[in-house]
Amino acid sequence: MSAIRILVTGGTFDKEYDERAGNLFFQDTHVPEMLRLGRSALEVEVRTLMMVDSLDMSDADRANILEQCRSSPRERILITHGTDRMEVTARLLGPAIVDKTVVLTGAMVPYKFGSSDGLFNLGAALAFVQVLPHGVYVVMNGRALPWNRVRKNTKTGMFEEVEA
Amino acid sequence: MSAIRILVTGGTFDKEYDERAGNLFFQDTHVPEMLRLGRSALEVEVRTLMMVDSLDMSDADRANILEQCRSSPRERILITHGTDRMEVTARLLGPAIVDKTVVLTGAMVPYKFGSSDGLFNLGAALAFVQVLPHGVYVVMNGRALPWNRVRKNTKTGMFEEVEA
Amino acid sequence: MSAIRILVTGGTFDKEYDERAGNLFFQDTHVPEMLRLGRSALEVEVRTLMMVDSLDMSDADRANILEQCRSSPRERILITHGTDRMEVTARLLGPAIVDKTVVLTGAMVPYKFGSSDGLFNLGAALAFVQVLPHGVYVVMNGRALPWNRVRKNTKTGMFEEVEA
Amino acid sequence: MSAIRILVTGGTFDKEYDERAGNLFFQDTHVPEMLRLGRSALEVEVRTLMMVDSLDMSDADRANILEQCRSSPRERILITHGTDRMEVTARLLGPAIVDKTVVLTGAMVPYKFGSSDGLFNLGAALAFVQVLPHGVYVVMNGRALPWNRVRKNTKTGMFEEVEA
């Protein structure tokens, strides 16, 4: 199995608590720590592209992600991403990346907060990216949904399958 | 996607700390709690077959697991299992279950201990069981290894791929 | 030992992560849960006065806290409080409450975030409130500092002893 | 406030999970890590005397603890200790150490297991040792009980006050 490229963009996954300001902020990604905790034996290359809340992601940011997917020599790509605009990025990547397997994943609760869904999602995303056929998918709630059939239900926080 | 059957057999996954005796023991499985934490939207049926350390698993226990896989109306089966004898059960199931997808997973550190690999493994196992072709696999360390090509390295605690 | 009255005012102690909004908010106090975790055998009465960040505390809020201390039939009072304005409330209570032992405590990291100082502070505050002579104290960083000799160093986040 | 001497003897406080053997064992003490988590500003000297379950403590071990208390130049001493025989050590120290304040504390659940009472107990013990008069005390469940009036209820796991 060749290496999986992991592109870090921030999102709730990586939010931390700023003790002095009393609010949430981004510092370094926790992905390597999470891979150690999960005792991953996978060959991965972690690249931090940005550290932002997906609500703050600009078109230029998304263009950057797209370009990184296009130019990646790796066929299997995992993107950590804020959940609020995950489907927006997925819809940009979907039609453009057809010769690689790309999964986007994230978390509803920051990894550092003890009761996060992040580790579960990362495990699922790494599994799916190894075996799904080429295409772009959102991996949340234990499922992989194709880029053109996914929507976040903002009331429940769950990702639902919708008609393409 | 039809329901996934989850067969619980115990293992480190489900070990708890007995405050009065000062040692580890089994009580109820944590799988449903872990599914909630992971915000799983998958349809699953959880059945507890036994709650044992795999070192204490008897041939009768393994025969029970095999029979449960055979008689399951569900085509996708996830088995939580102690890591020490996971490959033994996998080698029993492998030749016998050829028309279903069965994954065995477990944990090196109990889920209740805060820094467990269990949630990562459960996420990965649920992903793999949905998409892998029929066969029996061990899912640990982010990988799915076929039943006849897996061995636990007792020194490192990692599951390695070996020749069939 | 007669009962200890615990007055809850909010603060970082009780902040939670709002998964949908992606920010921090107050819900119910975690003090009873923390007492259970600490296996406290103390007789306590928990009263929630408000659930606010101390930066948002008004003069009316502080007057309410003062009145609650004055009218308390209990001689030993523990107040959970945001750290940013803890010394302001302490300086209001100090000259006014001279026939009771009042300790204010809080946390730099929310209790729910896994690596909080809250449980340590609560243990220390409950110990100090049982044995210190009448007066008003801030209990943070393992120490009890008198109301008129304490200041939060906003750079380090530590509470320092200063000249009265 | 002069330095507090902390004598580490092991106990549940410091038990860790051995991933390979699947049982509990002792490695290094977590006391310094706990002090950092609690953001302690106290001057302390941590000395590891032994790392044992108190059920395995010998008379020689207890004599060692007594000698360490006797020879300590510090007047305030905190001992971390297994809970099962905490009262045995307390009864040895009680009549012998009359010119210092000694508190014994421990935990019912290992610190590393996420939902431990250890941090609460350490906070309380550090507070009590600063302000209690000379004597030997057991600090558990939020209380300080004198050495000759304490007994662990092995059914409930709580420390109770008994007649001297």
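Of note:
To keep things simple, chains are lettered A, B, C and D as they appear, and every chain counts its residues starting from 1.
The criterion applied here is as follows: a contact is a pair of C-beta atoms (placed from the backbone, for glycine too) under 8 Å apart; a residue touches a chain by one contact, two chains touch by 3 or more.
Given the structure is predicted, the values throughout are model-derived calculations rather than measurements.
Ranked by distance of CA centroids from subunit C, the top chain is B.
Subunit C and subunit D, compared by their mean Cα positions, are separated by 26 Å. Once the centre of each chain is set as its mean CA position, subunit A and subunit D turn out to be 45 Å apart.
Here the CA centre of subunit B is 39 Å from the CA centre of subunit D.
In subunit B, 108, 114-115, 157 are the positions where the chain touches two or more neighbouring chains simultaneously. If each chain is drawn as a node and touching chains are joined, the picture is one closed loop, every chain linked to exactly two others.
Here the chains touching each other pair up as A-B, A-C, B-D, C-D.
Across the complex, subunit B is touched by residues 12, 15, 17, 19-20, 22-24, 53, 55, 84, 108-110, 112-115, 154-155, 157 of subunit D.
If you check the complex, the residues on subunit C that touch subunit D are 1, 34-35, 37-42, 108, 114-117, 119-128, 130-132, 139-144, 157-159.
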